[in-house]
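The structure's right below; bear with me while I get my questions together.
Labels run A, B, C, D and E following the written order; every chain starts at residue 1.
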Amino acid sequence: MSEVALIITEAAIKSGILLFVLLTAFAYTTFAERKIVAWLQVRHGPNRVGPLGLLQPAADGLKAIFKEEFMPAGADKKIFLMAPIITVIPALIIMAVMPIGPDVLIGSRLIRLAITDINVGLLYMLSVASIAVYGIVLAGWASNSKYSMMGGLRATAQMISYEIALGISMVGPVVLASSLSLKDIVVAQQNSVWYVVLQPIGCIIFFIAMLAEVNRAPFDMPEAEQELTAGYHTEYSGMGFSMFFMAEYIKMIAVSAMWISLFFGGYLGPFVQEIPVLGIVYFSLKVFLVLALMIWIRATMPRMRYDQLMAFGWKVLLPLSLVQVLITAAMVVFWAPV
Amino acid sequence: MLVPTSYFVILSAVLFTIGATGVLFRKNAIILFMSVELMLNAANLALVAFSREFGTLDGQIFVFFVMTVAAAEVAIGLALIVTIFRNRASIDVDDIHSLKG
Amino acid sequence: MVQLIVFLILAAVCVGSAIGMLTSKNAVYAALFLVLNFVVIAVFYLMLGAPFIAMVQITVYAGAIMVLFMFVIMLVGAEMFQEAGGLNSWQRPVALLMGFGLMVVTVLMIATSASPAPPRDLGVSAMEFGSPAQIGEVLYTNYIFPFELISFLLLAAMVGAVILTKTERKKRRVLRSLRNKN
Amino acid sequence: MFLQVLTATLTAVTFFPLLGVLVLLFVPNEREDTIRWIAIGTALITFVISLVMLGQYNAADPNMQLEVLLPWMNFGGGSTIGFHLGIDGISILLVLLTTFLIPLAMFGSWTGITERVKEYYIFFLLLEVGMIGVFLALDLFLFYVFWEFTLVPMYFLVGIWGGKQRMYAAIKFFLYTMAGSILMLLAIMWLGIHQGTFDVVELIAKGGIDPSTQRWLFLAFAAAFAIKVPMFPLHSWLPDAHVQAPTAGSVILAGVMLKLGTYGFVRFNLSMFPEASLHFAPLMATLAVIGIIYGAIVSYPQQDVKKLVAYSSVSHLGFVMLGLFALNEQGIQGAILQMVNHGISTGALFLLVGMVYERRHTRDMNEYGGLWTVMPVYGTLMLIVSLSSMGLPGLNGFVGEFTILLGAFGSEALGSNIYAIFAAAGVILAAIYMLTMFQKMFLGPVTNEKNKNLEDLNWRELVVIIPLLVLIFWIGLYPAPFFNLMGASVDQLTASLDAVTAVALR
Amino acid sequence: MNLADLTQMVLRPIGFLGLWASILLIVDLWIPKDRKTITGWLTLLGLASTAIVVAYTTGEDPVAMGGMVKADGFAYMLYYIFLLVAALTVLLSMSYIEKNNIERGEFYSLILFATIGMMGMAMANDMIVVFVALEVLSIPLYVLAGYLRGKAESEESAMKYFLLGAFASAFLVYGIALVFGATGTTNLEAISAAIEGGAANRAYLYGGIGLILVGLGFKVATVPFHMWTPDVYEGAPSVVTAFFSVGAKAGGFAALLRVLYVAFEPVTADWAPVIAILSALTMIFGNISAITQTSIKRMLAYSSIAHAGYILMAGVAGGQGALTDFAASAAAFYLVGYAFTNMGTWGIVMAVEKEANTNNEIASFAGLGKKRPMLAMAMVVLMLSLTGLPPTIGFVGKFYIFTAAIDAGYMWLALVGVVTSLISAYYYLRVIIVMYMQDGDVEADLPWTLSLAVGLTTIATFVFGVIPQSLLNIGNDLISGIF
């Protein structure tokens, strides 16, 4: 087989695996969320379908598929149908540059445990994440409903605002590793320490901003049930609704993966150099912990008021992240690269 | 085989003229503004193509600056549109007729 | 060859979306067409060895600028405005014809004068060409002056946008009463 | 050096009126008489300074005298612009005429102007600066500055204190004159660049512009001057401006401003572009003759006295132009003297018309009739001045016109007597329209009730007219001193012209 | 080269002003709302001290930042003009923005930012700096044009200005892209060298030059890219109009002349006739359209178009060796003259204007000659200067620029210039007529800052019209042998 064909085959296989993993993970994240929240609230959560309710996601999926698609009156049909798709696609491709383990040798071939590793990886994730807004804002607009519209607009404003803090808080690790490639950043932490040690503020800012970016509690304003009756996806049902749901949870996974890669050494862990496959395990474990943390927060934190949320983003997070960049730059200049 | 630079330039010229036509053709201030953005993008495409042709990064850097400027322009432009809308619920440039000409 | 085919397909999409933007009645559609156009252009950037610019293109243009557009369109309800009459009946075809003529002339001019040969191969450095590191290197040395200059631009734009849109409550009431009078 | 320039006679005579302006600025508006006295006093002192200048002047020297030269500006190209003043036989009489007429005109408008008095006199003094400057400037740039500057005060004088149609007249006057002068500006710039200097004396000395270029330069300068003169067919602004201007304005307009044009022809066209002058002499002479006849014919049917006098100016200045383009000594000498004559006679005519206008507020001849019986002194004066204007021997007009005709007859440049013959016919026509006017207004019985009780001239009006009358007789009877003043300079000019003529006719 | 190079001597003026503007933004927060005049004075202080910095910077090695900028005499000359214009604007605006209830400290900062943009344009030696500086100049102006909040015409004016400005920028960028495609560089001197080398693709090059001309033509409002001017000038707050009718124009010309004289010098013979025709059209159209205007703001708008034509005339003379200096100093001098004259005129317009954008008819000047003789006299001097009559700076400027054109062999252009000056006399005179020869009940509101500005400009207009040598020397000394 020629080199080109090999590369294509490799990429195709990796993509297939990733897709499968993501979809499964999505399904079980929803399940996990319901379970964890239930435990935290001293309930049982889903436990009817399958042992411990483990088949619940499958049942939910089946139900969504067979449910009737409902088209609101006066909706812009084309865009109404397109919006969920536009939301899902970025969510699916965002993980393409995420390294989930060190390079492994299979036969004579060095396989990277990421679909691709490009030198603008971090930017890629950021840009794909920024595209995701469209689905939401279009869904809100196309539904021809006040509440959807408000939800959509709020989501847009919120995401744009927090994207800045998110982007700037990334600069710290990037400067320390002097690369925009996620893989390089992870490797750099191998040689130094996890950047959470060097970048505590950046780490926290990123976490907060990423919660807002994926519209998770306490920043789930756009879909606030009490005010907006679920926001931009109010009018969606069936597959449309589940696609939004899917996008949201996959994005959760994606940003969690980003967070750990930037600040918690990604796939790094004991003996990962010797046994590369351990990287995948560490990676999955860390992601799961972050997801659990997010669910925990959802279960315990009250929702923020919208204006407070915006003010917090612009007046607290953004300046803080700028200060963080300044400190990092000073550190790098005066104490030589760490 | 690499695509010849002139193909990109021709494409960019086509986009540029479409944009320019849009500015002359449309009346909705927002769409007019979007046409301008299209023109800028056409210019950017040409710059990147030339940059590749000469093997220098100057063109790419220029594009970087154009994008920054465009972002700033959009901030101002949209602020203006919002302001005007507040006062008079229309952004049709023909409706803006308290000034003649 | 593969590249050429990809180019031609994408170029068709690109021009198609541009025309779509031009002819859309609905501003939201126009904006979406433009987003598509920008994304395609980003792909061209990748083809031209400018990955960094491609990513910035998507983040800034598609992710920020066009979202803002969309936001404003929805906020002010601009998509509802039908262009009543628009240009005078004879002006429209004239404008279109002029635009088309200009396009043909430009294309012919470029096509006849520029060499159709593909650009030279960048060789080993091809992988690194246009990488963030390289861009940064140039940006912070040769182009440091415009880079600093642009900070004033951003500051001014920020101040300006705030000034333009910030309304004091009192004034608003006056405005509203004025509008009611009219 | 700067101080020297500041105290030089020519600088003093040019800019002294500015001192008066400065003083006037601090006088309160209400004290009108004070304002008048200060203004007239300034003008009189200026006249005295000009007499001092006359004393310092050496009539035997044909070159520029009492020169003032100060580098002024440099545009970084080669040519420097200088502040260059000087006087010679061609300009001295005109300077004296100006300084002489201005106080008279001011005095004459004592009762005529009652509104915005201060501004009026300020503009008048500014006008004086501009006109004297034009006659003295020896640098093209400086000349142009003064030349254009005269427009502004005149524009205001006509526009603010003029008659009913004053705005129209003012704008017409301004645009017409400016239209000509901008062409001259182009030529000036061309000369400055290609000849490397803006200095008139240097330019004349340098010469050597090739004849075909000279022609268009000549035309460009001529455009400015011909409009100002005004030559037929560019005269249409003149009746409007004259009729609408206040009396003193008309006096200065006719008495001095028209001479700016004829002076320009002598100083610049004849001196700097001799070949072109020779080339265009027949054309200019033809236009001049047409002007003489046309002016006279159009004057005849006018009912408005002022308009009549205005058109007669077209005719008189035709003589001046004819004399100039005879391109010989008599012609030019006569022309220069005729400029002075016209200033005096027409100035006096306008003043006299103004006096009766102040009494009756009309200039329509039909309103008058038999004035002689009511105002004998006025009638006598009017008669003398009219006769002078039409060129009766023994009065000044005759001397000028006769010399000019002599020149035209003997002119090699024109090469034909036909011009002189037609011009002579103009003298006769002048007699017709002048006498008709006189007859209509002064002779016969008093037909109009309103005229019955008109007062004759008072002492102030006599003070204004008498000096003019003295000059009318002086020049008419003993013109030699005037010819002496200009003789040497004109000789020098004609010598160079003759050389050119000789070459051309060979 | 690194960040430390930003402290290079030649960058000090622009850096100093930038710092001042930024600090002013912050300082302004502590200045009480009803005493924003303090901010105005601080702005003036900043401009004055920048002028001092400029004076101490002249004579340094001009090329800096690896050829990005070239702060030579031409740039310094223009710095002075920009600082002057900005200072006059600040002086004019103090009472104006207070009167119209738009008093905010940011107003002054925006003026400073725009000034920074102009300075950037004057020192640009690379297309990228031209472009960025142009935008730094334009964006504050868009905001300033819409500063009369709640006034529809001001907002519309800003909108129009903005859309056309953005449109023009797009042309400029595409033009630069094509020139880059032809020569492979954006550095002005390198472009020139590449063209001389002969390798440049002519189609790209000429297309690029054309589009750059269109782009900059929009900015400086030459025919046929002028249609935005009257509306924008009329709708914007008068003080802002004054600012951009001089400042923005000067900045645009600075860049235009530099680009033409330096980058496209080898192909002078090809672009000079185009510039000549543009210049002629601009003069003719601007002046003829001004005749029919009844609003003084629109009249001045068209007049400013016309004046762009005159300055453009200097463009044709350039690119021809020694003549280039001559033309450049002519343009600079004309700009100085125009700055004084026009700022003064707008000051008077503001004095007569009761509330923003009212009382703008020329007819509303009726009777000014009687009521406010000094003010009317000032207006007369300024109008004469705009017409180009001696003894005013406008005349010297026109003389200078026409001489440059004739020197370059464009006699016909000079002819168009003088003929259109004659046309312009008609409508400038009309203002004088109305003031002096018609009666009216005009009221002029002259706070002392306004009278100071008007007085200074009028005196300068007159004095430099009579003894311009000192000014000429500055120009000649600074601008010699630099292109």
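Just so it is clear, a residue touches a chain if its C-beta (ideal position, glycine included) is under 8 Å from a C-beta of that chain, and two chains touch if they have at least 3 such contacts.
What you are looking at is a predicted structure, and each value in this text was computed from that prediction instead of being measured.
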Intersection of the contact lists for chain C and chain D: E
Count of contact steps on the shortest path from chain D to chain E: 1
Most centrally placed chain - per-chain CA mean versus overall CA mean: E
Chain whose average C-alpha position is farthest from chain D's own: A
Pair exhibiting more inter-chain C-beta contacts, A-C or B-E: B-E
Rounded Å distance, chain B centre to chain D centre (Cα mean): 65
Separation of mean Cα positions, chain B and chain A [Å, integer]: 32
Distance between the centres, which are taken as Cα means, of chain E and chain B, whole angstrom: 26
Distance between chain centroids, defined by C-alpha means - chain C, chain E (Å): 30
Touching two or more other chains - residue numbers and ranges from chain C: 52, 56, 64, 68, 75, 106, 110, 114, 142-143, 146, 150, 153, 156-157, 160-161, 164, 167, 175
In chain A, residues with contacts to at least two other chains: none
Chain pairs in mutual contact under the definition given at the outset: A-C, B-C, B-E, C-E, D-E
Contacting residues of chain C [partner chain B, same complex]: 1, 3-4, 7, 11, 14-15, 18-19, 21-22, 24, 27, 30-31, 34, 37-38, 41, 44-45, 47-50, 52-53, 56-57, 60-61, 64-65, 68-69, 72-73, 75-76, 78, 81, 83-84, 86-87, 92, 95-96, 98-100, 102-103, 106-107, 110-111, 114-122, 129-130, 134-135, 138-139, 142-143, 146, 150, 153-154, 156-158, 160-161, 164-165, 167, 175, 179
Interface residues, chain B side, partner chain E - complex: 5, 9, 12, 16, 19-20, 23, 29, 32-33, 36, 39-40, 42-44, 46-47, 49-50, 53-54, 56, 58-59, 61-62, 65-66, 69, 72-73, 76-77, 80-81, 83-84, 87-88, 93, 96, 98-101
Chain D residues touching chain E - in the complex, by the definition given at the top: 72-77, 116, 119, 141, 144-146, 148-149, 151-152, 155-156, 159-160, 166-167, 170-171, 174-175, 178-179, 182-183, 185-186, 189-190, 192-193
Chain D partner contacts - residues on chain E that touch it in the complex: 325-326, 329-330, 369-370, 373, 380, 384, 389-391, 395-396, 399-400, 402-403, 406-407, 411, 414-415, 418-419, 421-422, 425-426, 429, 432-433, 436-437, 467-469, 472, 475-476, 480
Contact footprint of chain C on chain B as seen in their complex: 1-11, 13-22, 24-28, 30-31, 33-35, 37-38, 41, 44-45, 48-49, 51-53, 55, 57-58, 60-61, 63-65, 67-76, 78-83, 85-87, 90-92, 94
